[in-house]
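Got a structure for you, written out below as structure tokens; questions coming shortly.
Per-chain numbering from 1; labels A, B, C, D, E and F assigned in written order.
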């Protein structure tokens, strides 16, 4: 009954090929390809301009003001993972800084998504270790209370299972369930192929009203033009 | 892959006996009994003083500004259910009012938990139909875009599966997974039995410092008394 | 070019008959009758339970931390008016308390809507002088900088012209342009007549799905039922 | 250098007579009498309607998600004290509930002001133990990390020294330095005497414009009346 | 009575000369030149560093989660326009991205101001298409419910009429009514001329206290110097 | 009794040597060295990327929407000072811009920390005059109501005395009491020396679990590993 105090060591990560495929797309494209689900709240922002990450989730459940479980999580990281840290209560403390980033990178992590605060953002930018957080705060944390690693968590409003694919960039953070990663990647590719043609038409002055054939449904909905 | 546009008709509700047992406890006690997980964000508040509800979840995923799926959900309500409505994006519109409350009650619902807005709160208080929401807003909604009913949702930061038990009162809203409801109810009962004794001692002037034997760990942690 | 420092003495108030008619409806009904425009942001809340007001707007543009113009506005109040106070910048100070309420009532005002703070809320409840505000704050204000009275203002996201009708209750605050008040009142009456019948059907167990004939459009939109 | 991990046992409380005098006034009047300083942020709200408290401060510095120091503080309470709890970081957890309220009351406390969350609010209302908090939350807290008791703290934006007088009601929470309590009480009394006369005049229809002689300074500031 | 479902095709834009003149000034200068009115709320921020825009407003009223009317608005754009999009309820969805930016630019738009979310911000920065928004979000929107184009709107707290001049940069977004644009431009020029001289004096060490002759009014207001 | 309307001319600044020493460390390191107290709320952010400042505090208490006291403060600046401006109520107005920055720099100021808004941020970046604020806003302020200079203030949740050391960078703003500056600088130096070694080990793949000897306390706390 209690989800607190657990570390799951063996998790099923999404297939490497699907992850690599998803890494070619932005979060907005992936979110559309998923049918508009799986997006974290927009308060999750990169801590430096240009940060982006795509990898498989090692999940962490933190307690407010306590980053003990990030150290526990470090051992569970495999190359290509993104650590996804949720917290049992809203907290903006700086759970993560350049030392943990050094450790996470040494274990193979390609980024961190944390529904809490982060510090040493200048160093993180210099290291180019991408972090997406709800806040930046110099305030450190204690190591006193257990949380969990690699259980299902809710991070910034999105449900994340260990092994899911996380796509994070300057538009937001999207979670793709491991089992659907390949299909989502395909749908994203289809969508993007489609967009190049649309972009060219719009750039040439064709209106979306015509390209998407909106005039009839708009009229039917009752839109009135007044001179 | 797409969780949008689905209504699941057969869901496994928590056992009635466990629900009735949980109904005797407040949200704070249940939250403790669960090991401090499953609580919605504290922005979820009752729309009238004294509102409380306990029942099995019929879940709804709404689109912002659109309450179509609440009508779809009405048909899936069984006596003793609490409707739990999440939204794909933060929205404070008044998705729910006295007409839907009348319909939900007629179908057997005992309350609504909605991560969105609610209106007609005077009527709801008069009807004593308990609603817990993030906002109160007179703004109505359209019926244009599909969401889903009875899928797993994230509502106000908590993961909810259809059939889970929801305990809501003036302290907050807690979600108890259907499979653990009986055990949580037992733990809550044990906790409450325990509290009566503690309350009597504290009322008699015994300090928590002594009752909980905190003096030694405090000294060990380095606490210093200064005169 | 400058809208600051002006008091307009003669304003065209909505017709008394239309105001009285609108006073019979709640803010949610009036908002629907208007076609879902004119609603203030949902952060505007009554300062005591049960507060409601309907009247013609005397508008005020305040400066942050300064309530000078509320005194200027008092002289422009006519019986049946609701004072609507906007501020040039977000501010939660207590611009208004029981002394001003006494004065406003003596001049005939039936309420205040203020995109700022209010104080003496216990006294206001005892007086039953309805106030809708964004905050409650003991902090007083200075009398140093000009604003304006009876110019068009934006209050809590809604555009208000002097003389417009304001309908405020526990669901929110709606602004009805003076020129449309009679028509909106009619539409509200029609809507409410309509609701009694709907309520009876829903209470008898008829589903909105059937009453509103939603099954066909839902199916067309692709809704799938799963057992 | 470190303010963490300290309990001061002997503090200088404001004189009883001054506290009793201040208890006759509301927070708005006291705030004015102080020259408009010492007010906590308006997000501090009573957890039940009608809560009010006036007493001498026992201060607490909490860590986020940890209420250990509230137990330590209980021992320092003397009859007539109000416990004032600050937190080293923003946190809405339910640090305080009916058990601690029972203990605090047994030690003589007349209220709690906490820049954090509170739970068991139904019980607190039934007990009529006044609490002013930034949030209501069922979430409990741990006992793992030291803070301090009876040091100077910043609570909800106001600086509080142990022994200061705290005046809390439905308009807000004001802090009066112990050394100025008698003078502030006098000023509050003078202000209130003054108000009765003003109220009578305003109720009789005299305008603030005339009573406060504002017409000349308004004209000088450039106010223009337009017909 | 209903402002929803309307597209006005002929609008009176501010004169080109005045717009070009205003384009030489920052939003802070223009805001001062207007007498400190017309500023949008400070939550409106550029989506990339260095974004700035000045042009005539094509206004749009959106529904939450629905960007249909942005496509309708595209057809109404004339070279030099800035699209100003308000929403009937607070919403952070990504209503706008690189495809719409491509289309708007092809029609002659020089920027977008939207009281909602925006996505593809990396592409927008690469295109140097300036957008000012309340949020960045990967979440897409539907095309289901009518709003309006070229009606008066309230965007981020400011009233905007079609044809008004919008000045947007890293300090904020200001709206200049079309009819006053020429005069505001003159006032801005006068103000800026004035500032060069002040800047030189201040840089040379002259105090504002002396330059603005503040010592006497400060003393009169009661300011006391203590050694 | 009244703290308003006072300018203290002679303040005791922290020793120059200690300030210079502290200037070598980031805010996170200094905050740790202080024992995790003295940090401002994380809503305080630099107005341009890369801004950082370290100096002795000249404190200002502003009134909302009024920057008069910043001009008064300018005269009290000595080379190496950072102006720290609090406000008696939350306010995002642009109290400070390039003219005041020019003046402050001419007097020797090395930065500004303001619990309010700031404008002309493009110019400030060009000048490289570091400002840390809660908001950016084009809105100007009046000069009408007294505040104070060089009294104790609460700025963004931190208590600041005139002469304290302020360390501000992209991680936040920390306040070091003047009397402890030398000791904090030493502790910071010790901490940083310590970190280089840790960083090297972590980069080499050593886990924090081992380096910090966490495995035993984690096991004792009940952490369970599941395969």
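FYI, a contact is a pair of C-beta atoms (placed from the backbone, for glycine too) under 8 Å apart; a residue touches a chain by one contact, two chains touch by 3 or more.
Here the structure is a predicted model, which is why all the values come from computation and not from measurement.
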Partner chains shared by chain E and chain F (touch criterion as defined above):
A, C
Could you classify the chain B-chain C contact as same or different, where same means more than half of all interface residue numbers appear on both copies?
different
As a quick test, compute the distance in whole Å between the mean CA positions of chain D and chain E.
41
Between chain A and chain F, tell me the centre distance in angstrom, where each centre is the average of that chain's C-alpha atoms.
31
Chain B residues counted as touching two or more neighbouring chains:
36, 49, 88, 90, 92, 137, 139, 145
Graph class of chain-chain contacts, one of line, ring, star, complete, other
other
Using the touch rule from the top of the page, what pairs of chains touch, sorted by label?
A-B, A-D, A-E, A-F, B-C, B-D, B-E, C-D, C-E, C-F, D-F, E-F
Help me check something: in the complex, which residues belonging to chain A touch chain F?
5-10, 49, 68, 71-72, 74-75, 92, 94, 97-100, 102-103, 105-107, 117, 119-122, 135-140, 143, 145-146
For the complex, give me every residue of chain C touching chain B.
26-28, 31-32, 36, 39, 42, 45, 49, 169-172, 174, 195, 198-199, 202-205, 207-209, 212, 214, 217-218, 221-227
Of all residues in chain D, which touch chain F in the complex?
1-4, 34-37, 41, 88, 90, 152, 154, 157-159, 180, 183-184, 187
Chain E contacts chain B in the complex at 63-66, 88-93, 137, 139, 142, 144-145
